[in-house]
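Heads up, there are several structures right after this.
Next come two complexes, and both contain subunit A; in the first it sits with subunit B, in the second with subunit C.
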Partner chain A sequence: MAVVIELEQLSKWYGEVMGLNNVTASIPSGITGLLGQNGAGKTTLLALATGQLRPSRGEIRVFGQRPWNNTALLSRIGYCPEGDSFWPGLSGRKFVRMLARLSGMTDRQACRAADWAIEQVGMTEHKGRRIAEYSRGMRQRTKIAQALVHDPELLILDEPLSGTDPVVRAELINLFKRMAEEGKTVIVSSHVLHEVAAMTENILLIDHGQLVADGNIHEVRSLLEGRRQRIAIGTPAGRKLATLLAPKEYIISLAIQEDGGLLLHTSDPERLQQELPRILLDNDIPCSEMASPDDNIRAVFGYLTRRPE
Partner chain B sequence: MLVYLLLALPPLVGVITVNTAPISDPMTTAQIYWGLTLLMMLTASLPLAAMLSCGPLVSNEVSDGTLVYLLTRRLSRQSVLLAKFLGAVSSLVAVAVLSQTFLFLAFVLGQYAMTGGELGAALLGGFVVVAVGTVVFAAVFNMISMIFRKPLSVGVGFLIVTEWIFLTLPVGIRRLTVGYHLRSLLNGITDSPALGELLTERAGDGLWPAGASGAVLVAIVAVALTTSAIIMMCREFTQAREEER
Partner chain C sequence: MPIRRREYRRWEGELGDRRPSWFAILQNGLRLGLKQKHATLVLWAGIPAALLAGLIFYLLVVVGRGGEGAGEAGRYLGGLLQILALHGVGAPSLVEMTVPVWHLVFFRLVNYQLLLVVVVHAKFSADLIAGDLRTRALPIYFSKPITPATYLLGKWMVAFLLASAVILVPNLLAYTAGVLVSDTFVRLRETAGLFLRLVALSVGIAGVSGLVVLAISALIRDRRAVAVAWVALILVASLAQGVFDENSPGGIATGPVGAVSLYRNAMRFSYWILDLDRVIDETGQRRLLSGMAGSDVYGTGTGGALVVLGGLTALALIVCLKRVHRFQVAATSA
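Moving on, here comes the complex of A and B:
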């Protein structure tokens, strides 16, 4: 596979604070998962790749070019930031169209491109509504639409699945896979291992600004075998969902929360992730969120960096 | 909303003063209106409004988290700053001119419909000076917001010192104020002896020719914008983002 991003002894400091320390790696075409806990340096790496920050030391090359102050290169990159920020008062369509215009399109092209991008993320029905009225998952999809709108070759997505419910999460994962099949390079950052595992086998693991591991996700996942993971599911029908999940062999324990939601322990979060959307849809169970406390990924980092859990 | 109120207040005070003052001579009343409203506009409302709307151009985007959308498009950092500056100044000029127009019409309809000729020149001069003043103050406050982390408090301090305290100091120092040169410009454009007398009295010394003051104002804008651009290139887009993290 062709190398799209090359990092060579890349470092970034924020004054006294180290954001990224001496990272050397190559990111190939296809989907790559950038894994790390909050504050590990994922966003710093992505900001360097999109030319928002200048390296303190070392070099980063995207498509063989330095991204800093390189506006021509930016037209080949689509970036979905982690932050939940929008200009107030805009509808989803206006927001995406405005950013398409800023990508150099004419108004007519921007309208067409915005409608296409919004359709890709399944937001056509809601595109005329103000973003302020959107749910977290809808806002997340709108941010992804603005990253897609100028049809970039490289998509850089910072925690794109956070705040989405399992059904939307499955749809977005399918979308990223389709983009990769169409020849785009997709980089997805996450602190949830099984999210990334559902998309790709190729990962970079970052911890405290340093590259801990890169390569095949199975090697990392093998470290998790035998460990149970905790998953919180936000739903008003926790009891009904618990009844449906209880017979599954990968469910270790189930507990109904005070707000009606469900907290469970599973031995196979990836399988749960695959099966849960179907269970929710078939039984008409609403679900607002599926949060995965990162206990286990922290354990992996602890193991890899030889720090206690 | 605060910006609109700031810009509408001086003409409103002018209208109220003129309509309640026991003055019978139409021209004197007109001059009181213009002298009062423009002096208030130039020394208080306009600088404060410019500071509120044009000061934290980029830092607002940083704190709101929306800067990232602009920085990851095919836009240079310089063009982002320039576009934001021009947009803010244009809207400010439009609001300033609108507020002057509406309240001037109210003034004319209420008191002096028959003195059109003389007031027309003053009106034109007032609009020009309001527009020029908006651009100058916007550039200055944009520079202040680039240099200081607390642009509002520093900007207010700057105004108090340069536009109000300087006016109480010896004559030569008054020429260091933006307001002095805006008055000179207004005096040159309107060419009204009575209004000129009012403006000269306020300035405390002979006013400069309009061309010379115009050149000074252009130089202020150029220096402020160049300084802002240099500071921004060196610091704002990198350090502000880094601090945000």
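Moving on, here comes the complex of A and C:
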């Protein structure tokens, strides 16, 4: 596979705070998962790749070019930041269209491209509504649409699945996979291992600004086998869902929360991730969010960095 | 409901690079600005004064023609000129002084329009960068192929156009009305210089004020705080100057407060651009007209005013560029 991003002894400091420390790695085409806990340096690495930060030391090359102050290169990159970055009062369509125009499109081109990008993320029905009325998952998809709108070769997504419900998550993961099959390079940052495992085998693991591991995710996952993990599911029908999940062999325990949601322990989060959307849909159970309070990546870092969990 | 297998469909349309990016920022800024409450009311506030000026120019023509209605028109004219604090311009001498009266009327209009510019920036421009900082929109902006300079240009154009709506547009409207109600070609020839000066003055005030308010907007995230800081910057020194004026023996104080008062310096700049000294001298009635034009205050210290306004413009530009760059980095790394 062709190398798209090359990092060579790359470092970034914010004053005396280290954001990234001496990272050397190559990111090939296809999907790459960038794993790390909050504050590990993922966003710094992505900002360096999109030319929004200048390396303090070392070098980063994207498509063979330095991204810093390289606006021409940015037309080949789509970036979805982690936080919400919306102007109040705009509809999803106007937001994406405005960002399409920032890429140099005329109004007409921007309208077509915005509609296309919104369609890709499944937001066509809601594109005329104000963003302020969107759920978190809808806002997340709108941000992905703006990253897609100029049809970039490289898509950099910072925590794109955070806040999405299992159904949307499955759809987005499928979309990213299809994009990679179409020849695009997709970099997805996450602190949830099974999210990344569902879409790629290729990962970079960062901790405290340093590259801890890169390569095949299965090797990393093998470190976690047998470890149970907590999953919180936001739903008003926790009791019904608990009844349906209880017979599954990978469910260790179930507890109904005060808000009606469900907190469970599982020995196989990946399998839960695969089966849960079907269970929810078949039984018409609404679900607003699925999160992992245990943040299972901590366990991996514990092994790799030999720090206690 | 099945889980949709979301197929990625390749983009098959054009991906143009013909439209400058700052234009998109401008469009977005205007769209968001015009959605605010009472936006139309504020932006149209300069028009009544322009119509008043147009009416004055019309009455000047009627008085100049003589005849039956001239006396009555002269009385109306005197009344309207008093509204603009030009009460000393007597009707008998108006025929010879038409062009100087035009200059004085526009000078007074600008005096009023400066207040409108303060209001417009406080209402619309205060949030231009502050809003992007608050909503963390900068990483989105700078992930597109634009530079901080392009971003600032787009934002500055928003502030410039909004300020132009209350200074450039009314001035052009008043000028056009004045020309149309007069002997058009003669008046055009007589006032071509004034027209160019008016455009330069309006563009200068809209441009500099826009840059200054952007700099404040880049320093503070809260829109109201930006508006308060902007109004304070413009008015505090002017109010202090007013107090000094009240207590000075001649009624007008000069000194360090007057030197830094942005409002007063803007008026000095206007006096200089409109070339009022020369215009007044040519009438041979300096004693009468210099009082109305405030020559004692605005006709002096032009160099200082240019230094203050030029320095402020340069400072504002530097602040904008530095802050946008810094916040671009900070917002990304947060």
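Following the convention adopted for this analysis, the second predicted complex is superposed on the first by the 307 of 309 C-alpha atoms of A that agree within 3 Å, B and C clash if a C-alpha of one lies under 4 Å from a C-alpha of the other, contacts with A are read in each partner's own complex, and residues count from 1 in each chain.
Assume contacts are C-beta pairs under 8 Å (C-beta built on N, C-alpha and C of every residue); 3 or more make two chains touch, one makes a residue touch a chain.
Only a predicted model underlies this, so the values are computations on that prediction, with no experimental measurement involved.
When the two complexes are overlaid on subunit A, subunit B and subunit C occupy overlapping space and clash.
By the touch criterion defined above, A:167 lies against subunit C but remains apart from subunit B after alignment on the C-alpha atoms of chain A. Residue contacts after overlaying the shared chain place A:219 against neither subunit B nor subunit C. With both structures placed on the common chain, the touch criterion links A:89 to subunit C but leaves subunit B unconnected.
By the touch criterion defined above, A:15 lies against subunit B but remains apart from subunit C after alignment on the C-alpha atoms of chain A. By the touch criterion defined above, A:59 lies against neither subunit B nor subunit C after alignment on the C-alpha atoms of chain A.
Residue contacts after overlaying the shared chain place A:133 against neither subunit B nor subunit C. Comparing subunit B with subunit C, the partner in contact with more residues of subunit A is C.
Residues 14, 19, 43-44, 47, 50-53, 69, 71-72, 74-75, 77, 79, 81, 83-87, 99, 102-104, 146 of subunit A are contacted both by subunit B in one complex and by subunit C in the other. In the complex of the two chains, the subunit A residues touching subunit C come out as 14, 19, 43-44, 47, 50-53, 69, 71-72, 74-75, 77-79, 81, 83-90, 94, 98-99, 101-107, 109, 112-113, 116, 119-122, 143, 146-147, 150-151, 167, 170-172, 174-175, 178-179, 181-182, 277-278, 281. Listed in rising order, the residues of subunit C touching subunit A in the complex are 1-11, 13-21, 23-25, 27-28, 31-32, 35, 131, 135-147, 328-329, 332-334. Taken together, the subunit B residues at the contact with subunit A in this complex read 64-66, 68-77, 237-238, 241-243, 245. By the touch criterion given at the top, residues 14-15, 19, 43-44, 47, 50-54, 69, 71-72, 74-75, 77, 79, 81, 83-87, 99, 102-104, 146 of subunit A touch subunit B in their complex.
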